[in-house]
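So, here come the structures, one by one.
Next, two complexes with subunit A in common: one pairs it with subunit B, the other with subunit C.
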Partner chain A sequence: MTAPLLETRALCKTFGKVQAVRSVDLALPRGRTFGLVGESGSGKSTVARLVLRLIEATSGDIRFGDEDLRRLGGEALRRRRRRMQMIFQDPYGSLNGRMTVGETLVEPQLVHDIGTGGRARRDRARSLLREVGLPDSAMDRFPHEFSGGQRQRIAIARALATDPELIVADEPVSALDVSVQAQILNLLGDMQREHQTTMLFISHDLRVVRYVCDEIAVMYLGEIVERGPRDRVYDRPAHPYTQALLTSAPGSPRKDGKRAKLAGEIPSADAIPTGCAFRSRCPHAFDRCKIEAPRMQDVGGGQTAACHLLDR
Partner chain B sequence: MLRYLGKRFLLILPTIFVPLIMVFLLLRLSPGDPAGMMLGDQATADQIAALREQLGLDRPLHVQFLIWLKGIVTLDLGQSIFFREPVMEIIPRYAGVTILLTLVALTLAVLIGVAMGVISALNRNNPIDRGVVTTAVLGISVPEFWFALLLIFLFSVTLRWFPVSGYTPPSAGLIAWGTTIFLPALALGVRQSALMTRMMRSSMLDVLDEPYITTARAQGLPERTVLGRYAMRTASIPVVTVAGLSAGYMLGGVVAIEIIFSLPGLGRLLVEAVARRDYPVVEGGVLTIALVLAVLNLLIDVLYAILDPRIRYK
Partner chain C sequence: MTAAETTGTEEAREGFGASPNRTALERFLRHPTAMASTAVLVLLGLVTILAPVIAPGDPMRVNPVARFTAPGAEYFFGTDNLGRDVFRIVVHGGRTSLLVGLVVTVVSVSIATVLGLVSGFFHQVDIVLMRFVDGIMAFPSIVLATAAAAYLGASVSTVILALSFVLIAPSLRVVRGQVLVVRELQMIEAARATGVPTLRIFRRYVLPAVTSPILVQASFIFSAAVLGEAALSFIGVGIGPTDLSWGNALTEARDYIGRAPWIVIFPGLALMITILALNLLGDSLRDILDPRLARRR
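Here is the complex of A and B:
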């Protein structure tokens, strides 16, 4: 396997007393889609912003290619952004409503010196629009004239405008109608294959993640509790949290005629339980979970999980 | 864009017309009679009646109003009762000062307000921000005339940087004009600039939280583009709205400032004309102020369309 495009080591982020991200290790293989799943409050969006340095990590390393991303300052970082783009959840807020779609698509080319002259850039903007399935006439219209799905297409076109190696998509379809979600997911999949982009795909929706991702990491309270190839994780979840998530997802098969319930809410990130963070909601919790935090261990087939049950 | 402007332009008419009716009625319903004022205590009832007839004051109200309206359309605002010369010749002599004063004050207010608001927002909750906000609260609380007196005391009497009062027209040299207009404009604009500071600060803070600002940064746009093109452009729209209101407020506040700084402006002329019951001058003055305000508001509508292109296409 080639070196990963994006790698984080012991990535941490605290906001005051809140430990949003606790020692996250990620490795995104080039050209693949990596899914980060978790409930809201699990810290997955914070990870997205950390790896793009939209917010600064408290500690830990981020490597992008063979560069230490956290060492990059001001102008170098700004130029590096050409190679890593983001798609946000909210297709209404993430587009500047005062710029036409054409301007929105030309702007990233302009700031990163892509193409020569306005005409070439506008041509490229039009071809990007065609690629995401929007007509040329969209160029001179404003975002508010489009539906949510169309806006997300615009956002995707904008992300592609700089020909990035990495796209971080933070819940790109959760604000959309279910009927539109599939179209956007297919579009993202096509784009990723065609441009050989690496994608970090963040979602709370397990069905969506299964549909688009090659590899998956499950986050709980700022930590990764399980990671592995998609089919392994879905077919043989090793961590009780993953098991609970999978069985509580609507449409999932019920074992023993009932669903493994995920009791209660995710605890607040400023009062994380001692030992294993999941023990307060885990149906299998025992004494050791209270005292000792479980380590990630190999369960075979490239799958790892952090649970004391695996020692038994 | 043209349609938008056309519509805005048509809306000017009621903006001018309504104050005119009100002034016309108010003057005629209030006690005092220009004929009596002109002839003095010694005049006989017959003399007064004769003069009233000559001035057209004996006609019914609606006839007087229609005659006057006809005058406006034909650019004839009548004769000043006091100056005994056409109002159309008097007004321009005074209006220039007032319009320039208001424009300079408005410009100062917007510049100060936007700059302070942005500085404040970018320093959210640190001492600089607190300093600006506190100053703005002070600025809002200070009455203009008092601030004007403070300015005169500090800059004219103590430091002697500016003249105490009086006016030099711009034709006599821009610098000389600047020294006579700066303090009055500052006094007139300070309160509005404080309002704009607060408005700009809060709308800037709102905009900076918008996802598209994060997106712009994530795309690698230089920070000055993010702040200037994205954030400030959007954040300044509420300030433009305030500027429109401020213009109206300033055209009212101009009276006190013109009196304090002895500027030969429309505000002072109006106050004096009211005291003299010089109806034509008062009406002409109000018409001028209404026109100036209407034109300023038209400019502000154009500014809206520049700042928010969506408006142009609606």
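Here is the complex of A and C:
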């Protein structure tokens, strides 16, 4: 297996007293879709912004390809953005309402010196539109003339415009109607396969993640508590949090009541419990969980989890 | 009116031809107050530009024989203490008054826009600039302008300089406040993620989004500048006595207000109509461009 395209080591981000991301290790294999799951407030969107350096990490390393992303400054970083693009949750807010769709799709090419001349770039913009299933006539229209799903298609086309190696998709379908979600997910999947793009796919929706991702990491209060190949994690979740998430997900097959439902709210990130962060909501918590934070350990089949129960 | 013009063919689509703005233009055309005040301002502008045609002759020419002639067929607005034609004074004086207003507006609003963009995006600059602005605004602006004008000597350029300086502060506040709102919009983060250079983000994302409030502000600045020039000239630190402006005309007329009120009334009326039209235009622009109102349609 080749070296991962994106790798983080002990990535941390604190906002004042709030520890949003606590020592996250990620490794995104090339050409695959990596899912990051968790409730809101778990720090997954912060991770998305950290790995793209839209916000600066407090500590830790980010390797992109063979370089240390955190060492890149100003213009070098801006140039590197050609190789890593992002798709946002809100297709209404992430597009500039005063630019036509054509201008929106030409801009990434323009600022990264892709293509020569306006005509070539507009041609490419049109082919991108076709690729995401929009007609050429969309070129001269403005974002507000499109539906949410169509706008997200435009956002996807914009992300593809630089032919990036990495696409970070932060809750790309959460703002869309359920009927549209599947179409956009299919489109993302097709694009990822066709372009052999590596994707970091962030969502709170386990069904969505299962649908598109090859590998999954589950985040809780800024930490990754479980990670592994999709089917392993879904079929044999090792961490009580993952188990609870799967049980509480609507449409979950496991309604046998043997697994505990997720009780209460996620604690505030400025008052994280000592020891295991999940112990305040964990049905299996025991004494050791108060004192000692569990380490990630191998549970076989490429799956790892951080729970003291695994020692029993 | 400010730096909203974009250049280049590829970017020509942006600006007032763009459809979100076209609807604003349509609203403008259907807004009676906006149209009426614009008409008045255009008329005033035309009259002053065409001053040599409308009121030919040297407005400073004295005619001792015809002193204090009441308004009538020969002298529409009457004559003053030196027998000068008040109509001519008002029409020609408007040139200076409106020119000062226009130049001050363009200068102060442009500078405020640039500083406001920088201030809204760079915290360190913001801290310094805002304390500076607080300082200027804590001072009555006319006193400050008076001091500046008195120090630099009376002339048209002095007045423009002094008023521009004083009027940067309130515009800067407006622009900066707006930039602080816009910078949090997700499209800015999306642009950064795409790799759009900062300057281009300013130009293509932030500036268009703050243009509306800047336009509104500009109309108020215009009226403040016209009034400021009149005030400075009235107290004798404005443009020199040999130049004509509405403020100057009022100064010279004040001694004869009882004997020949028309010398005061007509320049005063011109000033009043201009200020009123500008303020009404500003108010209606605010109604038209307010995004909340726009969205309600």
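One rule holds for everything that comes next: the second predicted complex is superposed on the first by the 306 of 312 C-alpha atoms of A that agree within 3 Å, B and C clash if a C-alpha of one lies under 4 Å from a C-alpha of the other, contacts with A are read in each partner's own complex, and residues count from 1 in each chain.
Quick note on the criterion: a contact is a pair of C-beta atoms (placed from the backbone, for glycine too) under 8 Å apart; a residue touches a chain by one contact, two chains touch by 3 or more.
A quick note: this is a predicted structure, and the numbers were derived from the prediction, not measured.
Student: Put the two structures on top of each other at subunit A: do subunit B and subunit C fit, or clash?
Tutor: Clash: subunit B and subunit C overlap once superposed on subunit A.
Student: With both complexes overlaid on chain A, does A:D90 touch subunit B (first), subunit C (second), both or neither?
Tutor: In the superposition, A:D90 contacts both subunit B and subunit C.
Student: With both complexes superposed on chain A, which partner does A:R81 reach: first (subunit B), second (subunit C), both or neither?
Tutor: It touches subunit B and subunit C both.
Student: Have a look at 43-51, 61-69 or 241-249 and say which bit of subunit B overlaps subunit C after the superposition.
Tutor: It is 241-249.
Student: Shared contact residues on subunit A, subunit B side and subunit C side combined as an intersection?
Tutor: 52, 54, 78-79, 81-82, 85-86, 88, 90, 93-100, 107-108, 111-112, 142, 144, 155, 158, 162
Student: So in the complex, which bits of subunit C are touching subunit A?
Tutor: Per the touch definition, subunit C meets subunit A at residues 9-11, 13-14, 18-21, 185-187, 189-197, 200, 204-205, 208-209.
Student: Using the touch definition from the top, list the residues of subunit A that touch subunit B in their complex.
Tutor: Touching subunit B: residues 52, 54, 78-82, 85-86, 88, 90, 93-100, 107-108, 111-112, 142, 144, 155, 158, 162 of subunit A.
Student: Hey, which residues of subunit B end up touching subunit A in the complex?
Tutor: 210-212, 214-222, 225, 230, 233-234, 307-310, 313
Student: Quick one: which bits of subunit A touch subunit C in the complex? Just the residue numbers, please.
Tutor: Those residues of subunit A that touch subunit C are 52, 54, 78-79, 81-82, 85-86, 88, 90, 93-100, 103, 106-108, 111-112, 118, 140, 142, 144, 155, 158, 162.
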